[in-house]
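The following pair of complexes shares a single chain, chain A, combined with chain B in the former and chain C in the latter.
So, the complex of A and B:
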């Protein structure tokens, strides 16, 4: 049903008007080449281009929230690395850039997954994965994982509101600076509980709907608009540039 | 025909069975009401019938459930024939938008794209929610969420439909409409099982009744024993007749001793106005019930009054309140996000003294508050391990523990039995007597009659 695919292309959030097939392909290519490239320059170019793509597709508020969470995670990981290096001398000899490269790779994946998760309707994705003949064992976890991202944002928003209400009149930055453990308790603990519960809920929702690895969403032709073709051309050019930059920097 | 034989289930984390030796049969074209006190095993029974145990609902299951010779062992086939709407409809959404949710549900059951889209549009129209077809499921009111899940379930035409507290967030008009829809589906051969505390709207729908108390079946038969006041009060059940609150005075407007909203206009980003030139006063010392159809903007008013949303025009005034006390507290419908601490008693202690180091033992004041809400025996439990009704009572207790000028309770009795309804209304009245302006957003006419001093009707839905 190519016609249906067009009809279900969401317009409110899909600013670049890309087909889900294109978004999936961009996500796949960016993630693949972030693993293949080892040069910092190549990865930097990919990170930059993917960040531009994300900023064109996703609301700045969502980007800020995700990158704040990402920064906290990176800071914790780097701190742990620093502590380990005190006891393992060989780690001290590693250049600093080596510690950062995994985070650049992660940020590339993040930049392409966010537009896919926040701008795609689940039925679009299911239809697309059906058209692309993805095996059920990949299709089902992929659908649930992608659906988990907007749920995470919703939980975060509800939690922020609940904390704002409960600590009204107290919750200035100074209060939280004086009570960091309470901040951890009231914000991160419920978030963890909610995320576990949301994952369970999504699994039950899929079960109750009869969505399984063998569910067939049918096929149909893949139709690409001009915007999709331009996006794919730009992706190819960006990957080539990143590759060449990597080669030049190695000379 | 659905046959349940010697069904017993014990949750993995508990020693006591939640459902004990349940036995019943349900023929096509019959409707069964499962009722009883909170925590009696109603929701667990429905989850068992939906085939969620032991896969998702961990525990020990004995006995059998058979539908036309099939058992829930094959989840795909079972899901095709048995539909479940849980107490928290939000947890059932798989897609991100309304139309997509119904479309996806139908696609999972093998409908082609055009068939699924046509059927989805038809169901939305039948339930009167076509106007929200493109909305995000996260932006819907609780009542609208329920309607969307119902639309998805009824579109599938299952053999057995299980509804857990379907009346919890529906307005009286929507309940009448739902009652008619269900009657029609039952007359077409559907087997219907409804677990609910509100009994009045179910009288024309259900022929058979099952009363569960502590997991045990204490009554199985027709509706008539529920007419007996002694029978109902013994089991803490709710009324069987719809109560009217026409005799309650209307809430005043304009300035006065209370929290008042003045010509409030509000719309969510890019959307049509939800509130237009709204005027309302919630008096100190009084309980004001805010009623109206789902999606009319009741929760939005509360969010604006408590500072969670900024209005496009108009203002909220806390009359005669010092600036530092001029804020409101709202107890939202989904209580999961409002409970943080490792123990029930610590939640109350945190509300009494925010920022103070947590104590290993509860304060006497915390125990006193828990006692008033019938939660004292749960003082050491983790709040997230409580039942829906218990969480609701705890969230209200937390909201009232800290003195506030305005307290908003959003559907505080949606999962409560008759006994806990009375307990909750007493506490709401006590809060008002202490000088708080209490605003109760509710569809529950029993609560309005028990607790409210005045009523504000938001009027009909704009659509």
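So, the complex of A and C:
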């Protein structure tokens, strides 16, 4: 979400200058083929290629933070598994390589999701949505919503400041984890009221402007730059290489 | 009122009295003309974004993934959905909210790319079931049932995807199951909160 991307926004230095459509397509293809392939070799090739793509697009600091969190999660999962296998002996007879394949699969999706999440600009995204051939009934709420997100984060910030003033010295994560009902009262309820009022305001504005599900939002035609074409070619080549590697290792 | 507006933009076949062609009718259906009014669509979109953004904020404030944060996140999500269904009590509103919210996180984060189509189908089926029971228009309280069923089915789909991802090591599915169970608990708790919230918002005159 933009909150996350805003945090690392300045960190996106070495951008490949890809169109949002290309990034979406790459993410989709990588997630799909990481689910389809089951040989270690093909998953390894995909992981390598996607890691290169991620390192070109995202600054190392963000990569390190995300991968540390991923490692902690994987460690928790594996230790849970160890504890369970003490009681259920069937699960013990697994080769070591098989234990890591799920994590390779998850890291592939992580590699392609990070550039998408940290580099997409909201205005760019709204234009992309205008270009894509979605039914108007989906386009209208999506485009208005995307334009609205910065305002909403501003509202959230205001609310957070109000809470911080009201509960001076108390508002740390631990305090709120101990008093979830209070959090509901002072944070969530005003948020919903705010949301309903903005929804009413924006709805009236949209109707006055004559926007409806059949409005054409423009955005121009889909144009693929050379970098996009190269990226798509490389993706196709690496997926087919991974497929062939999987077939070879099965022989 | 809505049809007055839509006839002016090319599909004016009704005006001349001729039967609208199949293509026109199909495109009207796809564009959702007459299905939802503009203000309903805007409300649905904003609530979908609000639920995503609020749950992100909860995750940032609550310090990442822990059971309490997960419960609060899903409680916020389900309470907002319930308020939305009270504000837009129509068949299709839940599916639209799921679709718009899913597409938002899909475009911004690449999240839920694999499960989204299935989740949409399941939510639509839930809405058909609710329609059979009487529909949200006539019995607004069915919104609670709709959320309970659709969120349960969504979690089943998530676990199924986990089974595919972890097929070499099926034991790992227990983690997914735990996460799903905790977030489902949050969904149920959020419904209580949402119900109370609707009462207060009605009292304040913010929803009809």
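The working rule: the second predicted complex is superposed on the first by the 145 of 251 C-alpha atoms of A that agree within 3 Å, B and C clash if a C-alpha of one lies under 4 Å from a C-alpha of the other, contacts with A are read in each partner's own complex, and residues count from 1 in each chain.
Going forward, a contact is a pair of C-beta atoms (placed from the backbone, for glycine too) under 8 Å apart; a residue touches a chain by one contact, two chains touch by 3 or more.
Everything numeric in this text was worked out from a predicted model, so none of it was measured.
When both complexes are overlaid on chain A, the residue A:211 reaches chain B and chain C alike. By the document's definition of touching, neither partner reaches A:44: not chain B, not chain C. Legend: residue contacts after superposition of the two complexes on their common chain; A:142 is shown touching chain C, with no touch to chain B.
Shared-chain residue A:185: touches chain B; no touch with chain C.
Once chain A of one complex is fitted onto chain A of the other, the partner contacts of A:35 are limited to chain C, with no touch recorded for chain B. In the superposition on chain A, the chain among chain B and chain C reaching more residues of chain A is C. Applying the stated contact rule after C-alpha superposition, one finds that A:102 touches chain C and leaves chain B untouched. Shared-chain residue A:127: touches chain B; no touch with chain C.
Of the residues of chain A, those at positions 1, 4, 189, 193, 197, 200, 202-204, 206-207, 210-212, 214 touch chain B in one of the two structures and chain C in the other.
Note for the complex: chain A touches chain C at residues 1-5, 20, 24, 27-28, 31-32, 35, 38, 69, 73, 76-77, 80-81, 84-85, 88, 91, 94, 98-99, 101-102, 105-106, 109, 112-113, 116-117, 120, 125, 128-129, 135-138, 140-142, 144-146, 148-149, 152-153, 156, 160, 173, 176-177, 180, 183-184, 188-189, 191-193, 195-200, 202-204, 206-207, 210-214. By the touch criterion given at the top, residues 2, 5-6, 9, 30-33, 35-36, 38-50, 52-54, 56-57, 60-66, 68-69, 71-72, 75-76, 79-80, 83, 87, 96, 99-100, 103-111, 113-114, 164-172, 174-175, 193, 197, 200-201, 204, 206-207 of chain C touch chain A in their complex. Residue ranges on chain A touching chain B, taken from their complex, read 1, 4, 7-8, 10, 12, 121-123, 126-127, 147, 150, 154-155, 158-159, 161-162, 164-170, 175, 178-179, 182, 185-186, 189-190, 193-194, 197, 200-212, 214-218, 220. Taken together, the chain B residues at the contact with chain A in this complex read 50, 52, 55-56, 75-76, 79-80, 83-84, 91-97, 100, 103-105, 107-110, 112-114, 117, 134, 138, 270, 306-308, 324-325, 327, 329-330, 332, 334, 336-341, 351, 354-355, 384, 398.
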